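Presented sequentially are two complexes of chain A, the first with chain B as partner and the second with chain C.
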Partner chain A sequence: MDFSHQETWLHHINPSLKLLILVVLFIQILMIHNINFLLNELIGMLILYLFFTGHPSKRLVLISLPFLLIFLTSSTSMIFFGKGETTWLHWGLVHITEESFTRGLHLGFRGIVFAVLGVVFALTTRPVFLFYSLMQQLKLKPKFAYSFMAAVRLLPLMAEEMQTLNHALKVRGVQRKKGITGFYHKLKSYSIPLLSQSIRRAHRIAVAMEAKRFSEAKSRTYYYRLGFSKYDGLFLIYLLGVTMLAYYMAVHFPYFSTTDVRYL
Partner chain B sequence: MEKGLKLTDILVTIVISLIFGVIYKLWGPLYGVVATLGLHIEQLIYGMWFIAAVVAYLIIRKPGVALLAEVAAAQGEFIFGGEWGVATLIFGLGQGLAAELLFAAFRYKRFDMLAASLAGVASAIASIGIDFYYGYIGDLALWNLLILIGTRLLGAVLISGVFAYLLVQALEKTGVTNLVRPASEEDYRALG
Partner chain C sequence: MNIASVTNMRLKFPGKESLLFSDFSLSIKEGEKVLILGPSGCGKSTLLQVLSGLIPKTVDVPMKADEITVPHSWGYLFQDPDAQFCMPYVDEEIAFVLENLEVPREKMPDCITSYLRQVGLAFENNHTKISTLSGGMKQRLALASVLALEPEVIFLDEPTAMLDPDGTTQVWDTIKQIGDDKTLIIIEHKIDQIVDVVDRIILLGKNGNIIAEGPKQVIFEGYKQKLKEAGIWYPGVWDDYLEENQPDRTIEPVNNQPPAITLSDFSGYRGKKEIVHIDYAEARLGEWITVIGENGAGKSTLLLALMNLVQSAGTYDINGRDHKKVTNFAEEMAFVFQNPEYQFVTNSVYDEVAFTLRLEKREEAEISSRVSDSLHFYQLEEEQDNHPYQLSIGQKRRLSVAASLIKDQPILLLDEPTFGQDAKNTFAILEQLEQVRKRGAAILMVTHDTKVVEHFATRVWQLEDGKLIKNVPASEYPQEPVHA
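The block that comes next holds the complex of A and B.
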């Protein structure tokens, strides 16, 4: 699979800082109950996604297809079954009100904001750099970071093993049973070999690492050194700017009259 | 004897977690598709997102493993571009802590189906707690909220309790768990 892309300024942000900023942003967005404010924030994040990840637009469209699903799963229950006063439609159990509708939309957009941010992070951060940075800037213990990196490297092996298993089961003529027991058997015939092989492999790697004197020493050298750059400041300024502009526009040019979607 | 988790424990936990991280990632679209059926049927499969903590703990049986596993699986889902983004990390942390506390309450001495199911329930409760802020679920009609809570708890028991326990039991037959578990009382008695 081809996953080539261009590097943009988002790639050069310190990964730990990027992660921390996203967590702070997550909490900030949870505090937004004004749908106008949220919609403006969404536009700000979409700009990052559409123009600054360095990935070809075809791939971006493909990745964004599940966003629609996120929107639906996050919003439908609230739209149909949420509390509210101004009834629009009452049909059996379904009770759509103006309040529940805007609250549902708010949840849908919130889901998309998080999805966009998460995907932007995933598309612009190399896992290896993330873990090196976590060790260097946030003092994550090396045994956690290196375990993670080793585990990420094992994933392609597992995919290959899955193929082999598939072929082996076919060659041996394993019959597929129907129904829920059949599903359970199928699940077991894949997951048990896969898990047990992975555990054995992980165990061997750990033994090998210790045999090669992988240690918990405080001072160690790193193959990659990660620091901070002007792009970190740029990212912060962009997000602050978007947040302030989003708030200003929400107050002065609202799309919806509702300013708090919660049920009071 | 070094205290806490050793490199082997951590590496094995994280490898298991990343497998579940991949499953967590694939579970997102599935959850979305099932959700279109309506009336919170999708909550029955929500329990899959609690399974890493339980499975890893049942395999390795050490303090801290459940929390590490759930956080690592969430981190995995996140770096593979999971649809819920950063929310995954917060939910993972909450769910992992809840499962960890539950196992701690049993003083890390129970590894049966009941403990596994209760850990699933604890994770489910943690996720529901976060959902009050994240999903405004307190603003759902009461009957609907109760269905959501009920189905999520049931799914947690079925998937991260019963299924996780059966999975680890099947794994034990391969002998692989002996590699990574600490020596138990019985082992010492067998030596004596």
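The block that comes next holds the complex of A and C.
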């Protein structure tokens, strides 16, 4: 699987800092109840996603397909069944009102902002750097950091095994069954061999790591030194700028008349 | 001076009835090159882990010993190339060792390059993905990180069991180069490439006792029968086998039967890329065709394409019928993978063999009689209630063959079925395949083993860069000089 990409300034941000900032941003976004503000924030985050991850646009489009699903699933139920006073449509159980509509959209946008931020983080952070940084800046124990890094290495191996297993089942004459029982059978026939193989691999890797004196090391040096740079400041300024601008625009140039989507 | 030793060791795996080792003593001197031989399951790997101190320090196994000497500095090369690395890139992997040893960061890049050079690896950029390396290169990288430990002793636990002949040669050549001034403790059952380095052999018995130890000539001459029983690939094992058994390579003439497989202008693909192309070839019932060629020549892809597991194009008839009309390929042919574990889909040996028959909803009485016959033929009767994963490596292989062939399909596709097997298992598998062939099946087998080509095959297909460059009866295939 090819996942090559170009490096951008987002890649050079200190991973621990990036993680913390995103967590704070998540909480801040949870507290936005003005749909205009949220929509502006979303645009600001989409700019990062579309232009600064360094990944080819085709891949970005592919990754963004699930965003649509998130949007639809999180907004429709609120739009159809939420409470509200200004009725637009009443049809059986479905009751769409102006209030429920904006609240549904708000929820949908919030889902997408979270998804975009998460994906931007994942696309611009190498797991190895993240764990090195967590060890160096946030004093994560090497025991955990290296275990995670080893586990990340196992994932592509598992994907390969899955392919082989798929072949093996076909070779044995297993015809695909449909419906829930088919899904259950598939789950059973894949999960047990994959799990047992992974457990065995994990054990072997653990022994191999010990054979390289992993736990004997009282203190350790680091191959990668992760510090801070001007890109960290840039990232912080960008996010602050976006937030302030989003708020300003929301107040002065709103798209929707509603300023608080909560039902009071 | 003893660099590693145990005295009166007793060791038992939890849940097992008997002790693996009882009152076991062994000592190894500095600078010695020791080879430990023994049948599979006799505790060779366990012994190596005890001598290195991994047991009981890392792997918790109940044990007791009057005295254990563990070398001051040592490195360990494991069998599975994919299960020794914890980092995704070459440089990071060696850096992991250097970090553990608290080597200052500034020195690391030069150290990494120097260790890589010692094992004959040179990259334009050391920041190369480990997953892009071949098996032989991975094992040499593992050796480089062993060297980074600056070890006095190197433990080698069948480091080439999962490698092809080229990779095996690369790894042993490297070990010979770097091991001169070090103590080497080796487990291996394919020994033709290392036997000249070794100066002492320790032969273990089935019950974890030392049957014999001494210089290699003494062992090879005096204990041949024991070596044979243990399934060791000692020098001359094929000659001894052929003296007692002569594989019969005559083909029963079959009249008026279309070929089992007819290929014409046939291509096999991986993704969108054409990997293998065959202008014209036939496989007839009663033939044993070995498919040979370098790595990446398209051997496995050809087999997968024949089984309809990857995309193919062109004319391909099975027993005279167009393959597009075949709905279930498993009815027509059996396929045996390199790693038998991937093939197991049930929880017991019996169910495994019965699986395909049950899929067809046969009578339980018929199933039971056919399964018993098959278990008897492949010597798995005693294991029938065990989980497939609990079997030994040879038993797993036999089970995968038994389970694939239960329907008596007339065509057999095998991807290196003797790979990583000891001598005893290899001969057992070959003999069983020979019997299946005599019953009238067509066998297509990918192999690297020239001896199999020479003594069991009736026909040879040689692939090169995805093209069939040779298709001749085995008797006409030029004998290659045996690897030195």
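In this text, the second predicted complex is superposed on the first by the 250 of 264 C-alpha atoms of A that agree within 3 Å, B and C clash if a C-alpha of one lies under 4 Å from a C-alpha of the other, contacts with A are read in each partner's own complex, and residues count from 1 in each chain.
Throughout what follows, a contact is a pair of C-beta atoms (placed from the backbone, for glycine too) under 8 Å apart; a residue touches a chain by one contact, two chains touch by 3 or more.
Since this is a predicted model, take the numbers as computed values, not measurements.
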In the superposed arrangement, which partner chain does A:Val171 touch: chain B (first), chain C (second), both, or neither? second
What is the contact status of A:Ile205 with respect to chain B (first) and chain C (second): first, second, both, or neither? both
For A:Phe214, select first, second, both or neither according to whether it touches chain B, chain C, the two together, or no partner. both
Considering only the touch criterion stated at the top, classify A:Tyr222 as touching first (chain B), second (chain C), both, or neither. second
First (chain B), second (chain C), both or neither: which does A:Val128 touch? second
What is the contact status of A:Ile180 with respect to chain B (first) and chain C (second): first, second, both, or neither? neither
Under the stated touch criterion, which partner chain does A:Ser196 make contact with: chain B (first), chain C (second), both, or neither? both
Partner chain(s) touched by A:Leu157 [first = chain B, second = chain C, both, neither]: second
More chain A residues in contact [chain B versus chain C]: B
Chain A residues where the chain B and chain C footprints coincide 150, 152, 196, 201, 205-207, 209-210, 214
Interface residues, chain B side, partner chain A - complex: 6-8, 10-19, 22, 28-29, 31-33, 35-36, 38-40, 42, 59, 68, 72, 75, 78-90, 133-136, 138-141, 144, 148, 167, 170-171, 174, 176-177, 179-180
Where on chain A is chain B touching in the complex? 22-23, 25-26, 30, 63, 66-67, 69-70, 72-74, 76-78, 80-83, 93, 95, 100, 103, 106-107, 110-111, 114-119, 121-123, 125, 127, 130, 143-144, 147-148, 150-152, 154-155, 158, 188, 191-192, 194-196, 198-203, 205-207, 209-210, 214, 261-263
Chain A to chain C touching residues, read off their complex: 128, 146, 149-150, 152-153, 156-157, 161, 164-165, 167-175, 189, 193, 196-197, 201, 204-214, 216-217, 219-223, 225
As the complex stands, chain C meets chain A at residues 49, 52, 54, 57-59, 75-76, 78, 80, 82-89, 91-92, 95-105, 108, 131, 145, 149, 304, 307, 309, 328-331, 334-335, 337, 339, 341-345, 355-356, 359, 389, 403-404
